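Next, two complexes with subunit A in common: one pairs it with subunit B, the other with subunit C.
Showing the complex of A and B:
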């Protein structure tokens, strides 16, 4: 275990150095200018370029570019073999992958994700709902005892609880939209800076054998829990079958990406399509023209009842027998 | 699907009372929905979705002769609202007639800190008020909120405080620095002063 941890550290250091070298080489000019000529006719955003070694991606045009920092870099990996096979380098938007680590927003997001689905079922009956207690236990005066009106008073042993928890209570609320988006950006930033972000071209693995995937995770130092995120929710068969059999490995579509899952899993594996989708959506959210409105929950308990609430007072005042 | 409906009808025909409502309820859409659920997700994915029931009964008031053209949708696109804030258009000279000018990148890169422009290309400097009681008297406290700060936030605060002290001649300017939230609050109605200070630093 200790050895593997050390190896992981070494591997991370190596990757870090490589990235650093690439950054130092030139911040403005692309790698493509230095190494291989790339056909300029590729209109696609991140078009793989066919070379002798195989398809390679050497640049990626970013929407909403910024002028105060350089784009961050990540390897484009492949899952076709157990050993990692670098297909190219990707530019990542610094607004998404190099934001300030707002730990408070991270906590807010996790808290929101826990609380909005939490229902407190604790219930304590009130003094009116407990049996007995209608009679005055002893006379008001003349006994030298404290005056008491009911044996179910909260002062009594086995009496009711004053202001106890009442019934199922939901804690649903919505975190502001901007804070949810910022939480995602911060979580992605944390994953990237801790070198826990892996970007692959697709999830095509040669076999559906879970041993293959777990060995791949071992060899590449991905850790014990991995979150695989793809663009669509219809995943390739082999990886779905393999992931289903390994505890700690999870598949998720890009629209299901959330802060809690990202923090829970050690490594985040994105496909290129998922990266495009997530980055595009978060950038759109950053530059949106829409004015943020406060979420108001207009749902009342009545809306969840299967049948309308019966007004019992109406029946009580109804003295005449019903005629049919 | 046909066999399924026949079975349902047979089951219902034993009880004449419920035959009527059930036969009315068996609609094409209902049965197809049930069928798709029984078949499972694979069937759902492979086959076409069940035909939607057309709620429009009287079609006489709707136009009949029309042609669907996808090419001419480009004339509709400019009428749709813009989803993201567009970039700054190329102006011949700065400042523009409205007084706006872009950040000075050279000057800005020399500073230890950075105040980024908002998505609407403006400075993130916002004046505001809070209410405070001083000896049972309600007073209004004015402040200036500076957001989107990157880099050395304490250096910015020191520079800003010194600048405001020199400008106003006051011995003390009260500021509040939030290191995690990346913002600075300055007490007083100094929004214009703060903005001019930041413009002077190329922000």
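Showing the complex of A and C:
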């Protein structure tokens, strides 16, 4: 009794079953590879093949194919029902989803994302800027006390601070472009390798009820925090409504994908279109011949002297979608 | 396949906890940056007060205050001049060879060369240390009583006498470093799948030694070698056993071709360890290359 209760608890947290699932999925991947004939498709990247069970994608042509390793495989899933429904197998480019896991580059990216927007507003007035302190507090000689010229000297209690912070100071810098691209590739590799990457055909769910989405995440062991990434920034209505009501679930367009968000969320859910966009962009970046130019920061202190107004657009309630 | 390093790292990553914001770290080299500007803005820059230390006007190294320094008064003895380029012959004494034979570490029914000595796992040659073969030394020349066909790289007259007195034969033979490496560990060499190299001729300064019949050089005239054997027997006063009527005459007179490095194997052949077979070249250009000296 106690054991089954414990197992349930563990299963809810997605630990035990995650490991089981990982073994299952990897072995079935191999089985699929051997048994099903791979059909080649030239017109479309991912060509659905009509079978008895429904449309099945069995191959995907990759740009910039490589000889040094084999393409990685991932299931194409569906979000139409709570239970997982496999629509086919996808080839993933090994340069994006099986690179060397440079954890230091992940750290550099996260550090950069934290620091480039950080402005230190701390400020300490100097002894000249503090009030008073013009008069000599006591005579130079004859009292047996230390010589003193001002009560605002740094040695005094309630005196000024020597070399204090003179904010606002910006910590803006740009990480080299190649390191940013590699960071994204490494983050995607980590997600794929640790079985935290899910690829779905689209974000069409039957209801806007948040319980449906959270139950789906529970059944499929997606964890507590999930990042949904689509190609476009205009998302389907139902999933937007459902995600908005669940803490820890977030929607993001493909152009906003970043290392920090990927590492912050337990599971990354990509649509097929987002996968195409991300993989295409990163491969383009990998094979570009353009020379990287150094970023020159032209910001001046005047540009951030005052605190910016907080954009409260997101906190308002709307009756109808915004028009741009 | 992708690089083994990447594959290994990804395999390891599968078993590790999820990569997240709480468990990523930069490389240690970037965390501990050496402080270089500590003395900036200080008056004396950490060099103390006035004097030689502050101004950096120390005496040159080796200067002894005016008296003739050690480096000039002591004469130079260049024992180790050109050490890096000299040919090295690690010693093996007659006593040690006799011991190997007594303990049946080497088989005297076959010719003894670098391979049979190194196969005992007691002696090794290292090409990176400029080892060009064995120097057979005189220690144990009185107790040496084996009748063997020896092939070494460096000998003295007394060693030759000790071997020939017992009815054996001895040859001095030059091998170039590539051949020494192959002879030192033939199995490792064959597993590389390379063709057996043809041995180079000795360099200019070693040519005289290896073509001298008194050293039993492998390039010497065989008739002159026979003469030298007689002369040496007369010099040391022992009776030279008759080679022509010897029962193991074929063993004692077994010699390699100057280009050959293994008995029974010719240069250019490939020993395939996986399939247990020997591959021989048929192309005429190859055959011409491996049969001739250029």
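Of note:
Criterion: the second predicted complex is superposed on the first by the 258 of 324 C-alpha atoms of A that agree within 3 Å, B and C clash if a C-alpha of one lies under 4 Å from a C-alpha of the other, contacts with A are read in each partner's own complex, and residues count from 1 in each chain.
The working rule: a contact is a pair of C-beta atoms (placed from the backbone, for glycine too) under 8 Å apart; a residue touches a chain by one contact, two chains touch by 3 or more.
Everything quoted here is computed from the prediction, not taken from an experiment.
In the superposed model, A:62 makes contact with neither subunit B nor subunit C. Contacts of A:273 after superposition on the shared chain: neither subunit B nor subunit C is touched.
Residue contacts after overlaying the shared chain place A:100 against subunit B and subunit C alike. Within the superposed three-chain model, A:194 lies in touch with subunit C and out of touch with subunit B [touch as defined at top].
Look at A:130: by the touch rule set out above, it reaches neither subunit B nor subunit C.
In the overlay built on the shared chain, the residue A:148 is in contact with neither subunit B nor subunit C. In the superposed pair of complexes, A:208 makes contact with neither subunit B nor subunit C.
Contacts of A:82 after superposition: neither subunit B nor subunit C is touched.
In the superposed model, C is the one of subunit B and subunit C that contacts more residues of subunit A. When the two structures are aligned on the shared chain, A:246 is found in touch with neither subunit B nor subunit C. The intersection of subunit A residues touching subunit B with those touching subunit C, taken from the two complexes, comprises 68, 100, 103-104. Those residues of subunit A whose C-beta lies close enough to touch subunit C in the complex are 22, 68-70, 94, 98-101, 103-104, 106-108, 110-111, 187, 189-190, 193-196, 260, 263-264, 266. Interface residues of subunit B facing subunit A in the complex, by the touch rule stated above, are 45, 81-85, 105, 108-109, 114, 116, 119, 150, 180-182. Remark: subunit C residues 1-3, 5-6, 9-10, 13-14, 16, 18-21, 24-27, 30 touch subunit A in the complex.
Of all the residues in subunit A, the ones that touch subunit B in their complex are 64, 67-68, 100, 102-104, 234, 284, 286-290.
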